[in-house]
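Pasting the structures in now, so scroll down.
Both complexes shown next keep chain A, but they swap its partner, so chain B is in the first and chain C is in the second.
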Partner chain A sequence: MADVLTRPAAAPSRDGFGHLVHAEWTKLRTVRGWMIGLLAAVFLTVGIGMLGPAGSQSRCDNVDGARGGAAHATGTCAASTPPKRADGREVVDEEAFVHRTLSGDGSITARLTAFTGRYDPTGGGPATGGGTTGLADGLQPWSKAGVLVKDGTAAGSTYAAVLATGDHGVRMQYDYTGDLAGRLGPVSAAAPRWLRLTRAGDTLTGYESADGTTWTRIGSATLRHLPHDVEVGVFATSPEFSVIRNSFGGSATNTGPTVATGAFDHIAVAGQSTAAGSGADGWTVPRTGTADSGPGGANGPLGQVGASATGADAFTVTGSGDIAPANPDEGAGKSLESALAGTFAGLIAVIVVAALTMTSEYRRGLIRTSLAASPRRGRLLAAKAVVLGSAAFVAGLVAAAAAIPVVTALEHSKGLYVFHASTEAVIRLVVGTAALMAVAAVLALAVGTILRRGAAAVAAVIVIIVLPYILAVASVLPGTAADWLTRLTPAAAFAVQQTITAWPQVKAVHTPASGYYPLSPWLGLAVLALYAAVAYALAHRLLARRDA
Partner chain B sequence: MTAPPPPTAIAVQGLRKRYGATAALDGMTFDVAAGTVTGFVGPNGAGKSTTMRVILGLDTPDEGRALIGGVPYARLRRPLGHVGALLDAAALQPGRSARNHLLWLAHSQGLGAKRVDEVVEQSGLGAVIGRKAGGYSLGMRQRLGIAAAMLGDPPALLLDEPFNGLDPEGIVWIRGYLRTLAAEGRAVLVSSHLMGELEGCADHLVVVGRGTVIADTPVAELIARSSGGRVVLRTTARAEAATALAGLGGTVGVTGPDTLTVDGLGTEEVVRALNTGGVPFSEISAHRASLEEAYMDLTRDAVEFRAAPAPEAV
Partner chain C sequence: MTAFRDALHAEWTKLRTVAGTAWLLLAAVVLTAGLSAVSAAAVSCDGPQCGEDPAKVGLLGVTVGQALVAVLAVLAVGEEYGTGMIRVTFAAMPRRELVLGAKAVVVAGLTAAAGVLAVLGSVVCALVLLPGNGFTAANGYGPHLITAATARAAFGSVLYLVLVALLAMGVTALVRDSAIAVGAVLGLLYLFPIVAAVISDPDWHRHAQQMSPMQAGLTVQATVDVAGQPLSPWQGVGVLALWAFGALGVGGVVMRLRDV
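This part shows the complex of A and B:
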């Protein structure tokens, strides 16, 4: 008794809240099952992530028999390794380019008088609807033809271009990711486009004109480290055509190559220009080849790619491919976040632990002991949230930091190409995964407090986070449904793991299943945080009002 | 000269609480004084546990209030330093060791492992404290619960049915321990539905039924009242004795082959009457009622709640 009165008050950190946090941490760490659960979150995240590449068979000679031998010798598949620009970002750089060398400042001007294309309406797949075979005339939305200034002809070298497109009018594009809009409308003999690109040091400026007299500036771009000598000329290219079928059971995509042909005249280079090639008037003309209609090849070749002179300073250029940023597609490499494909499994372990720490107190009657020790009930919930959130954060951090190198190494060993991600993106993936687990833990704690039943709470949280995620990414639902799931449900938080950019100037299937989330990384996480905040507020209110 | 009343440690004032149609508490009012063991007695469902939960701020009463040293529980800082409680000895996480159970509770009050070791030593659980609580017998859990209640070295203790599941040795231990705590000046409120468990332990009784207090009395007074001046007489001459005593106005009852009870006469009057009548006897003593008997006397009038016990509110 005496020492009750005389014992010095233990230094209260924020009026005893630190003590509660300490107590909750002691509670968590002293139940072996819960610590094993958190450890399981790490192993599940890494282990399930490894299942993807472990089950994958990637053999280079399946991709391209001709290059198989070289690939085996070097240990990488040349066919599946895309070119990269200077900063390591993967790009597509295939175009028919009629060029010559420009030394120092100058400009390239050309008039585009016709722009046409051909494609296989089945997307290179089997013809649908019973025998409508044959190729169709028409451009792809992002078929390109125009003037180009490029740091050499090596794939991945930097460039700037002023070009016409199939559907998006005249654009100035540069260094693969830069894209500025110009005038809209199709190109024809009656409505030709004059295109011009001038170089002054590292600055490239694009212009367009309807008549070659009145010029409109589109914009300018700075290309760092552009050498003194650059290749200038005219080019054409045309990206793959894809047929997307959405249905329950996911979306199926057929893709096949297309060709685009641009007819240029009035090609003029201002500045000190050297005739680099042996072609007409000193222009270097691309190698001529045949563009197949696709892997099926059912409809025969699309036609010749290459270029031919059609007069003085005039060329017709036919190209197939693209000059654009590349993203991982099916069979064309892995995104970095594929290493975190096991996150959902680790998340389930975290949810179970977080919900049970609260529901087991109700089940055992221990909640009364806890509340007697902390009559201000909100602080008990807050202390639990702090401890569980922190523990889940650490588990997520360790899981992601381990999964990325481990799974990526396995992917490499399986001959899979893993797409580059910036350091910032890698940090965001790791920290974001940790935050995802932390916020989900708080949500599970809150739902556990509301429902007071372990099985019900675990099931509820899995149903709102993990189930929509699996439905969205496993190609179970049509793309639009998957899109809304990853926008409205807490599964939106998985956006924090995306590394793929949905480039507006690249036509692709933008669904969660292919790695495109509708929300930005942190906004997606904020959706989960909002759910957690609402659940926490309700849990706080119920805990305060209910008899224990 | 009477000593000043001991200070009130726990005050329960007019608690009312309904669960649907059932009134669990119906004007429950009593005080628990420092330095005493107060027995909180009544049949299951009388409102003992509900009252204790209200005192600890776990349940909110519809009316009334409970104060610890004049303050509602919810306003206490480091509450385990003010009241220690054992509500349900089974309320343990089975996978956590008994020592770690005490450790988190100590941490919640800013106490350290040293204090845990002290209460473990007092509880006699030293040898098994590292075991998982799930493997504890009910008796071990009761000891663990009392150790937990003592963590904050509180001036007041609430123990709900601490004798449940204890072996005779454990019951003796708790009785002695509660006496020690009261002797240290602590207020101890200990509930039981079996009066006999409190024999030789409680100083004061609060007898409850149907959510209200039936009697609130010191144990000594209760027993004296129940003993009621009855005299126990051992004699081989029952008939003669009965005749002699009845003549003086005593009420004589037969309780055995050679024992009689006499009501309405003092011991000396009985001795005088027997000597006058030349009746032989081998023993004469003032009767002392057991706590159980006193309780039965007390609740005889309140039979209705035994005939139709209210369900225990959970």
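This part shows the complex of A and C:
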């Protein structure tokens, strides 16, 4: 009895969690294979990431003429650098813009009486001799025409616009990413749109009207550092036509240039406006037929780009291009997360190590010693989870922090353009990849505890994490099925590596195969964490109830 | 020859009497047919130009079935190393290549049997579900989905599973540990599709698909746009067979040279 009462002070701490963690760390540290496995995770992540750019080249021959022309002229195939907004985000900024200078506050008003478009449904093939034959009539969903206030005409300069679109009604858009919805419905002579933008300091306010007397406010935007003199006027533009057939085992894309034509009248500039150009009444007018000879050439759709005066205060403007945020797609640069394409391979190494640390204890009978030393079995599992989770986190952190600079440097040396990501996004990319590895390690440990067999545990975890990822990302499955896989399975966690934004105002394929996950980054990681938590709870219960 | 027959008998007894074998084979059949049924129910053809491949849609389950088949094959070799049983086996059967050969024959036979059931289950699900999803004569799929091409796809899928099992055995003979072998085999199968997806250069993209044991092997399932595939169906099976017999050969040689 006395012995029990005077138990040495050291005894409780020997049973303490800290000691258990230390014991588990010693087990992990001193088995050479496990340290090699964690190192392999780092090298696989970086090495497989490097295979991507190593097998890629920037290609100029398939870039459309308007953008690739300069590269052809110099005979080199240098990185085609897209224009950038002030904060470094890549944008598309091509439009036909009839403009004059507005000094200080004021407004621009115009009535859009017709809005039509043409596109080449066969894609950007060589021009046929017969002028614009072969072109179909029709607007693209995001064809745009309207009034524009812009900080000069340099590509990437900030702007605000009130515009009509092909399918999405009247919108107010600003600084490439801002998008506010107005009235829906098509534009015609019977149902024209009055559009107005007013400037007061840095604040731009957009209005629309059906009759020019009753105005509805769409919204307002603040454009920082807008200079005293801005360009105002009317514009039209139309993004590339594309039909993407996403079928089993691949997708086929059919793209081609398009044009949109807006007929404006009652164009009025209020405020102190100076004649900037030599055109009619002081307007600077883009001339018809001066566009780069791209697909279709001067006879193709791009040959029609330009504007002409149709009255004292009226212009018809035909444009091609877009004013919108740009995203990497095939042949036009790489996203930053492409540097982490090797994550899944590193993940397999982490899964093997994490599952083995538990199953090898069962195999060698060490588990009985471990449990005898720590009769409270749940704490043994917790200590293993802490040690493995931390080790995998560090491995993931090192792997991601090494892969990003190494692979992007390789991409630059290959002449590939790497898209900008904010510092915040880069940190999330690195920490998120580390967290992905850590949570996957805990999941593998739990599954290893449940199954007690290394091969079965490794196979099970790889099949639930990596297989859905392959099916979704290697474009085996159609888009909707891929979306569901990356929502419901642990592969959702790869969303933590997405830095590109699926802009609703840009028509593009938003599937996991093109890098867009259906869940937000941390929500995706939470899906994996939920699987890991359920597996951990089951492992905890089985470990406590079963004979070792 | 009697030595090989004895080896076969021994390996068959070992594999037959381990509880895991039956469960793995059952899981392979159920999961393969199940995933195939899900994909046949989920994918629809919306017009004559939809370009969907009924064989690939209806046999998608093979992508998960191969993992179970690989585990079975890995365990057939790896567990003997894990338990030390391999020393007894080699003492009784000093010609080690015969042991590996007998294991290969037994595992291949079991895989083929399970593969036939798994593929038959997938085919039945596909034949029931696909015509309702637009895979009809009106959309250019012929009066019946069973054609020479889809029959080749079904038969080839069984062959694919057998070859994946042989590849897994070869890798296990090399690394001698079940868990590491499973990681290595699944990594090898799943590595190339991802690498191919990130490579933008069309030539290298094609080469990656041609070298990939999984993607090359699964071209045997192509029935639509066969000419557009990186390899012809049987060339694809040939690539996978090179991987499988290459791994088995290297594994056998290393097994002979090594001290257990």
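Everything that follows uses one rule, which is that the second predicted complex is superposed on the first by the 486 of 548 C-alpha atoms of A that agree within 3 Å, B and C clash if a C-alpha of one lies under 4 Å from a C-alpha of the other, contacts with A are read in each partner's own complex, and residues count from 1 in each chain.
Convention: a contact is a pair of C-beta atoms (placed from the backbone, for glycine too) under 8 Å apart; a residue touches a chain by one contact, two chains touch by 3 or more.
Quantities reported herein were computed from a predicted structural model and do not represent experimental measurements.
By the touch criterion stated above, A:19 is placed in contact with chain B alone, chain C being left untouched. In the superposition on chain A, A:31 makes contact with chain B only, not with chain C.
By the touch criterion stated above, A:423 is placed in contact with neither chain B nor chain C. Once the two complexes are laid over each other on the shared chain, residue contacts for A:470 go to chain C alone; chain B is not touched. Shared-chain residue A:213: touches no atom of chain B or chain C. Taking chain B and chain C in turn and counting the residues of chain A each one touches, the greater count comes from C.
Residues common to the contacts of chain A with chain B and with chain C across the two structures: none.
In the complex of the two chains, the chain B residues touching chain A come out as 53, 56-60, 73-81, 85, 87-88, 90-97, 100, 103-105, 107-111, 148, 152-155, 184-186. Of all residues in chain A, only 48, 51-52, 55-57, 59, 245, 247-249, 252, 330-331, 338, 341, 344-345, 348-349, 351-352, 355-356, 359, 363, 453-459, 462-463, 466-467, 469-471, 473-478, 480-481, 513 touch chain C in the complex they form. Of all the residues in chain A, the ones that touch chain B in their complex are 1, 3-4, 7, 9-12, 15-16, 19-20, 22-24, 26-27, 30-33, 360-361, 364-366, 368-376, 547-548. For chain C in complex with chain A, the residues that touch the partner chain are 20, 39, 42-43, 49-53, 56-57, 60, 63-64, 67-68, 70-71, 74-75, 78-79, 82, 177-183, 186-187, 190-191, 193-201, 204-205, 207-208, 222.
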